[in-house]
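For reference, chains read A, B and C in written order, and residue numbers begin at 1 within each chain.
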């Protein structure tokens, strides 16, 4: 990175003194971490976000990679997504990026447009023949491939069937239901449980909801040229829907949700205070484990009643290779392994979504738990239909997400009308994206 | 301690006059002592880690630095942009309210409890440990969960209020209440200033109190005439540090809102917004400019306090 | 000052009152105990909740909020200890290494600097002091990248050096300022007397001032222990090798905010990791209260 050079010249001299002084005080204290690399051995630095469970599965896959590729060792590091993003940015800024890394959808463009990522299409070691175009398009910026989906997923509605059965409310057919059907269902659940359980409990503030609604209405929330394409009307209706549902009783009162979108164990579905929730469907297993009772996975409403299909196969996250990686060949080999190797995928399964190589996805199906199979089957069923294309998130997508969150709260507490909120949302989002 | 025991009895009389310092100046005070630089030697070397980044950020404040590409000089553009940034104004508002409400409360609480826990009861060491606990736990990830559950809708606070038939608000999620909740939480962790006060109280020679009680001075008078002046440097220290720390509040807002400053920007602390700008939006140039604005604000308040301290803080020199 | 009016019949021979010398009537003591206990419960609650949660199955932690676990689950500790790359005691030892060096470094270097600022006179003292305070006032986030670059240029990444060495270089202005305030509160006559005794500034510092600043140093040690033990961002940025992780990094490895977190093991290991801080505070607090009042400035 050029900035590192900037600080350099005068520093050397002072540094010399500092190192000597420090060395005297502390010799032998900071054990050096890097093991002496054996002859010709390449060490790749591979970073991802997640917890110890995911890390264990990933490590198991990497050991297979190392066996198949003698001479390459992979050193991993992982954090929860928040700290992961901070450290990644600092490492890139400090000129010390990892070789292979996890990239979030909303950060891809920020990194790619500043030349920090390698074009994956230019790497012969990486075979992309089996990867569908709809997946590649989610990591393509200006004709270059900067991010490759680790797997795909989408959103769905989970319903606690034990509660609805007890309440005697039938779950509508999710292949054909409309948003009105969902509202009616939710309101009925609240009524029949005597207000103890709210029928609907989705997060108004997560952008996946309005993205879906926009697509159903023939709009692209984010367009092909990385702009905001959603109309003011759609955003207003999205806000209005929950306001109306709350009034009808199907949706909890303002201030009810304190930590929605957190882990399944903390969810209101698990607590039993709501009967349904919108989730990323790869988390279905987690919810079924956390909830006492039977949980079923449904499609988002409005898929057949609206103008067009809202669903798309979304990258749960992306893989990227740093432009400054010292070992681009080996990095590409690793990426190739992650995408195309069934043995590796047998260890990681659907940890990062359904594998993007259909053959690999097929090969792991027998090994999946019932719940994960439910998720994979639904993903496959959704993709059978002709889905409208979706694109890379624009620069400023994180501001868009924050703005939505902020306005959703204002609407929730009645401090602003849905119409005004929609207007402000478009203004602020456009300003952030075109900046 | 040979030096001390040799001291003439008369010395104690001057000890007793912390405020009455002007006529007596030690000879060493006036002369220049170059060995002072020797004492500061580690500090000078340490400037490498503090002062270089310090001035690097000053330079970056005048650039469009985005973390990934070389910074370009943009003059005062960042500072101008700040004046038109509504979220920046909101973050200043949040930070000022938080600072001016929570600093006096937590300092008063810390001093009061330090006085109670100083002496005169059995089992004080147990009390001191227990009262310091919330500050010890502050950094733990798990505890963050707890705060949310204490102030949650079905949490303890609302349960307690419900006992009296009061329907408590949504402490964490309602924009009207979220900041107050954080202020209450902050008072809970008065442990650090309390510990410093305790240490300071122990610097007050006990004989002053003995002498004072022999003279029949009341407790309140002893507090006002002995305790307060003698620990005034410590009060001053706590005040300054609480001010600086409070202006720089980050963690509370970050963990309670998951980094957004929500609900509806009601807990958008200045430093939280700065962090968002620098690390989520990658506008590090702007963030650096924000940092220097905050530095100036804090410096002004600190300077005011240093000037004011001449009237109420007593050093023995 | 009111104190000046105190007559000279003050007795000087007396040892300071021991800390548990009781004051007030039994009744006033009882009411003080009562209030302290009640407030103490509020203070104790977080710890109790933490311990109780560590014995609950992960899914119960947020569903069942009572302090007494309905279903006891002791496996959290075993699971947490072994779930990561290394057994958990490795991270405890790593943290301990960083903490011990940081405490020694902070006490040593900050006391030196504080002595110069508080009790010596030399050109530039005020400027340096202002500069030192200035570094406290700048939000740390904008320093991260420049600091990272410096440590990376020094080749210190992935070692504990970035976490330890600055502490030996008096980079922690908080503690310098703290000690300055304590040292300024000490009677000026001490230096003069020491000088008459033939002590140079170093001996005065070591033999006279340092012993009288035990509470300030205890405070520094306790605060350094807590902040270093809990520090997340520094280790996060500078350590890459998982085997070198400190406790807060290890604890975060149980978390995945987008998926299923291992709450039970995380709470169990949180309890384990809090124990050393509490132990250190309990051990350290007796030095905290060993000021002039008890060392007997007669």
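Everything below uses one rule, namely that a contact is a pair of C-beta atoms (placed from the backbone, for glycine too) under 8 Å apart; a residue touches a chain by one contact, two chains touch by 3 or more.
Just so it is clear, the structure is predicted and the values come from calculations on it, not from any experiment.
Chemist: If you tally contacting C-beta pairs, which pair wins, A-C or B-C?
Modeler: If we tally the C-beta pairs in contact for A-C and B-C, the bigger total goes to B-C.
Chemist: So which chain is the furthest away from chain C, centre to centre on CA atoms?
Modeler: A
Chemist: Using Cα averages as centroids, what's the distance between chain A and chain C in whole Å?
Modeler: 38
Chemist: At what distance in angstrom does the C-alpha mean of chain C lie from that of chain B?
Modeler: Once rounded, the distance between the two centres reads 15 Å.
Chemist: Spell out, as numbers or ranges, the residues of chain A touching 2 or more other chains.
Modeler: In chain A, 3, 7, 11, 15, 18, 21, 82, 86, 93 touch at least two other chains.
Chemist: If a residue has to touch 2 or more other chains to count, which residues of chain C qualify?
Modeler: In chain C, the residues touching two or more other chains are 62, 145-146, 150, 165, 168-169, 232, 252, 255, 257.
Chemist: Can you list the residues of chain B that touch 2 or more other chains?
Modeler: 45, 48, 52, 56, 67, 279, 284
Chemist: With touch defined as at the start, can you tell me which chain B residues reach chain A in the complex?
Modeler: Touching chain A from chain B are residues 45, 48, 52, 56, 65-71, 148, 152-153, 169-170, 172-176, 259-260, 262-265, 276, 279-282, 284.
Chemist: Given the complex with chain B, which residues does chain A contribute to the contact?
Modeler: Per the touch definition, chain A meets chain B at residues 1-3, 6-7, 11, 14-15, 17-18, 21, 82, 85-86, 89, 92-93, 110-111, 114-116, 254-259, 396, 398-399, 402, 405-407, 409-410, 413, 415, 432.
Chemist: Under the stated contact criterion, what part of chain C meets chain A in this complex?
Modeler: It comes out as residues 58-59, 61-63, 83-85, 97, 101, 105, 144-146, 148-150, 152-154, 156-161, 164-165, 168-169, 232-233, 236-237, 239-244, 249, 252-263.
Chemist: Provide the residue numbers of chain A that touch chain C in the complex, in ascending order.
Modeler: It is residues 3-4, 7-8, 11, 15, 18-19, 21-22, 25-26, 29-34, 45, 49-55, 75-83, 86-87, 90-91, 93-96, 262-266, 270-272, 280, 283, 286, 289-290 of chain A that touch chain C.
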